[in-house]
């Protein structure tokens, strides 16, 4: 039965996260970007919402509500409406927790998930991306080989959020190069494991609030039971799909924020005797922003809905992110354009959204629903 | 010394062709399209301008002015401003004459060029394109093999203008498949040669005024001296470049015509109490048309200027046509859009230009400067 | 709850429409493109089927569009006529959009009657093929400026004026004519009237030669002292001080615009599917999930177009779902048509180019789809009109604030 | 005669600029991006070179821009200051656009002085670094609405007002200030004045933190009862009935807009060249002449961008050539900036994406180029203003006819 109406429960979550984004996330976004850091109390306030513990089964210490990719997309969008970097930071524990929740062995769930149900923000992360021009998430160069009772990991990762503070890393590596998604597995690496080297903090065009690090794995050994999903391994393609859904939803949030901000500005900014919004060139730019933003949202929902039905959504998630990458770049560009010179100054958030928006096409991982 | 100013002589040619396009070409374009034929007297009127004989040396019966790709681009644009199909038809003798003029042996020039200096329109043509989805002009499937004192041609060609009436065909074929442009040579095939089979007239989305035919070559034998350029062969890449320059210039003519027509319409069409041209959405569409049309023109000129200096212009001619193909499609689409419902009706020429414009990206050959 | 599954009834609609599109429309699509202004007898059988459909729909209790909007959580989703029509239209248009428009009883006038007619009128005009006559030589997008008049004379309206671009104007039985009952009242004076084609004074004066959708006729009709019964007016005859009457008339568009969008979608999907098929025959692959570094140029182009097709469909479905659920959807209807009209043109043109000389040839249907699709960015409000509607809603601007 | 060869003098300009860009600008580009509001001492040596250049140019006989246009064939092509500047700017911007803007003596104010100053003024302000102050908090694109005033008091003008977005406002020696001498006269009352920075009452109140071109400062300047000599006015002090005065001021733009275009071109070229280089290192090829069926996705994307770069350059050159040859080029100047501003942003953003995580990283300069380039679609008239200028010229419309 076709419907574009979130459930009542989802509606309540949306309202809550929307308020949080408006009251807490947006007002702090610029400072965090300039300071290149997120104060712990912001993360703590997010943690109080209980969004992550919500999805964790009661026997692992959570509230035991069903985890849903659609709900995750709704949350991703609303948080990113506040700020993309803070949204990524706040949801970063899910990078580790959700794959365990979905694909972990019973032992892995019991061992790791309770840590995400505590009172304080749990720093955990995953490492997927690698610093090369032609990086493709289904073609990672990091390798895992089995040696007796251990897996030995080698490789170089980039864009690992909170690598400096994370207790747990989910590292994606291939058993053999060129085997595509089926050959990629996740390995749980605990902080302090020998061979896990957290490198320098990285500097990017945007997302400066989010601490991103290089991480090297040099003959890093983990026990066999640390492979995500145990002997059967994980469904890496699904993890990638869930990540692309989250990115698309977050892109929707950024675009929606840009559209709203630019529209309000255009109504207030008077030039040649009239608000610039009364000129077709500006008004139609805003109309296009609205159209593409809505389309992006529904593409995320559609892929998420398939994911929740446990149907293959590789195509839908890929196309959604393809769409989001292109249009998020265009929309955030136009956000600056509507504000003109003022949009180029760091006082207005469109300047930040322009820079953040350019990461969407490029980055995979870093978020999951 | 950088200049965007045609020479005095070129200025006179432009003026002459512009008048011809306005008085003769444009007024007959729609009828020719609907009748799917061009009356001989139109071709005769074009012939009277002497544009082709102009470029042929005096010892071959012409007026002996220097042939220039830049001048050719100027002529191509002005004629196509009148109508693309008629421009292609009128210039079709050059498909045969110009390669001979540039690359023919002395014997070939003496034998064939005087025919283009007579009093009546000379039907001659060339055959390059082939009817397949992945057709690439540097990868023709038509083949030529040497057999004693003859070349034997085999293959299927499409989009051959005036194949029904042409006395002379310049057929492009490869000595071996997959050798690219260097392996492709031109072969002179006279009407009536055994194995030259003129097939059915083709039907396309546009260009219906121009008679286009399938042509098959079945063990078609021509003497050795019929290879363009003799034993040394021809520079096929240059022929292709000159063709792409002409296409880009013709695209410029079509786009310029569309822009002018749409702008005039928009100034006259009153909606909501004002001419639609006074709305930014329409006005800016017209501004973009003007910008892209000018850019297209200069890309053609730049490549032509290089060609006239005998420098390699493969890159420039390719990029020019790439640009022209994309923007001609967009501009002719917007031409219809500006006229709205009226643009969709066969009464206004934008309907025809929309259909003609879509051929530009697809077709190579069919014109040469 | 967010859901994208077609309910069984809609799957049936879809399968039926697809079958007709594949088995009946496609095989004759080229024929009626070449033979413009010929009535396609092959699709006559569709008339009774359409009539039965709408009669079945009439029997169902109607939800009042003006009932107050319920709070979110209480709304019960329903799949109604609009969703059913957009799903069907996509499939029919996949077969041939011109033939879809030429299905007897499937005119825009029928949609207008269905939207605003009284039960008595619905009954009286049931089974008739109704065209819609809005545009005049001097008024295109500016529907408020029409000059056709309707004057009440005793028990009859007398209609005078000239209409152009009447889709199915030749083939139809009745015409829904927009006319003003009070020129001084401006838009408030505009009403719509049902005029039977066989009334004295109705003359089809011209059939347009069009770029595409040539299987459906587009006519000019002159109305000269045409007398119709008083109760052939759709809606109230009263001229209100504000523009409510006109808004009522315009409201038809909220339902028809997603349908036009779905026609663009169906045509573009046909083109893209066909293009992929032909390219696959040549050995090209289309893989989902790779970085663009690893894709071929046309592979990537096709993937981008697929994402656009999905986006078009979801925007259309959203607008239709809102309409069926009694929500105000003027903005969303225009969003769906703006997107679909533009991208439909873009996708079909790219498919022509992707297939090279064969794409441009009339041997295949791709070139035809590019011609057919363009109309969807023009009629029922051009791209620019849709953008105006979206922007005004977005900004909360009146017509005066954003012209 | 149509010709695209750079004459030897211009080749020298190009080579010199490229050398400075490569050896001086590029190596320090990242440094001054990170250290916003720091003066780049490394480029101080450019000041005297620029001063000498413009003094050489002053010595040459000037062609009067108002001399009647000669018929086509008689016109003798000349390569003048504008072409020389666009060729140089492309190269400098290839190195770093922010540093180009920060070259002492290379301000927009200098261009304005060069365009309209009397010989006496030219001599007096020679060697000074001149910024241009137009925008005010309430007036962006609408330059005609500025409220800074200039009142003649005896032998001095008294300037009052606040200017924002003054490029090089901190670093410059003098500021060309747009002010009105008669608010009631509207645009006709707007004149430009040279204000020395060290005059009492001139205060730099703020330095903007910008997205890009951070090597050049952007300042707010308040003018409070600033007294300047009577002959610091540029052009005639007379307020004419029409808007000639304002038009004169606006005419500066016809020369500066192609220059801004060339900055976008230089940055975009830098990004594209770098991107190709990096991709070639990974084994990608870029071949000219193939059907798109045979190209890779990113190969095609790069080729399309190359064609756009060529288009940008030719539009810029045409506008510059017209300006140098005394032809009215307001439309063509705007065309070149509209194209270059937009495509510069587009190309740099695509390059960021083509290089994946490395494109987004601050280890390389591509992400910076995307930030730097965006300003060219905004300052000296936004994209939308350029389109207005082009459309008005194209349609023969006044400001009132096309707002």
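As written, the chain order gives the labels A, B, C and D, with residue 1 at the start of each chain.
The criterion applied here is as follows: contacts are C-beta pairs under 8 Å (C-beta built on N, C-alpha and C of every residue); 3 or more make two chains touch, one makes a residue touch a chain.
It should be emphasised that the depicted structure is a prediction, and the values quoted were computed from it without experimental measurement.
Comparing mean CA positions across the assembly, the chain most remote from subunit C is D. Taking B-D and A-D together, the pair of chains sharing more C-beta contacts is B-D. Subunit A and subunit D have Cα centroids lying 39 Å from one another.
One simple way to say how far apart two chains are is to compare their mean CA positions; for subunit C and subunit D this gives 49 Å.
Averaged C-alpha coordinates give centres for subunit A and subunit B that are 53 Å from one another. Shared interface positions of subunit D, defined as residues touching 2 or more other chains, are 282, 291, 293, 354, 356, 384, 387, 403. Multi-chain contact residues of subunit A (touching two or more other chains): 133-135, 279-281, 284. Listed in rising order, the residues of subunit B touching subunit A in the complex are 279-281, 284. Residues 135, 138-142, 144-145, 164-165, 208-212, 218, 278-279, 282, 345, 349, 352-363, 367-368, 370-371, 374-375, 377-379, 382-384, 387, 403 of subunit C are the ones that touch subunit B when the two sit in their complex. Those residues of subunit C lying in contact with subunit A across their complex are 1-7, 10, 72-73, 75, 77, 79, 83, 288-291, 293-294, 303-304, 306-308, 310-312, 314-315, 317-318, 321-322, 332, 335, 338-339, 384, 387-388, 390-392, 394-395, 397, 401-403.
The touching residues of subunit D, counted against subunit C in their complex, run 282, 284, 291-293, 295-301, 354, 356. Residues 129-135, 158-159, 202-206, 269-272, 274, 279, 281-282, 325, 329, 333, 336-337, 340-347, 351, 354-355, 358-359, 361-363 of subunit B are the ones that touch subunit C when the two sit in their complex.
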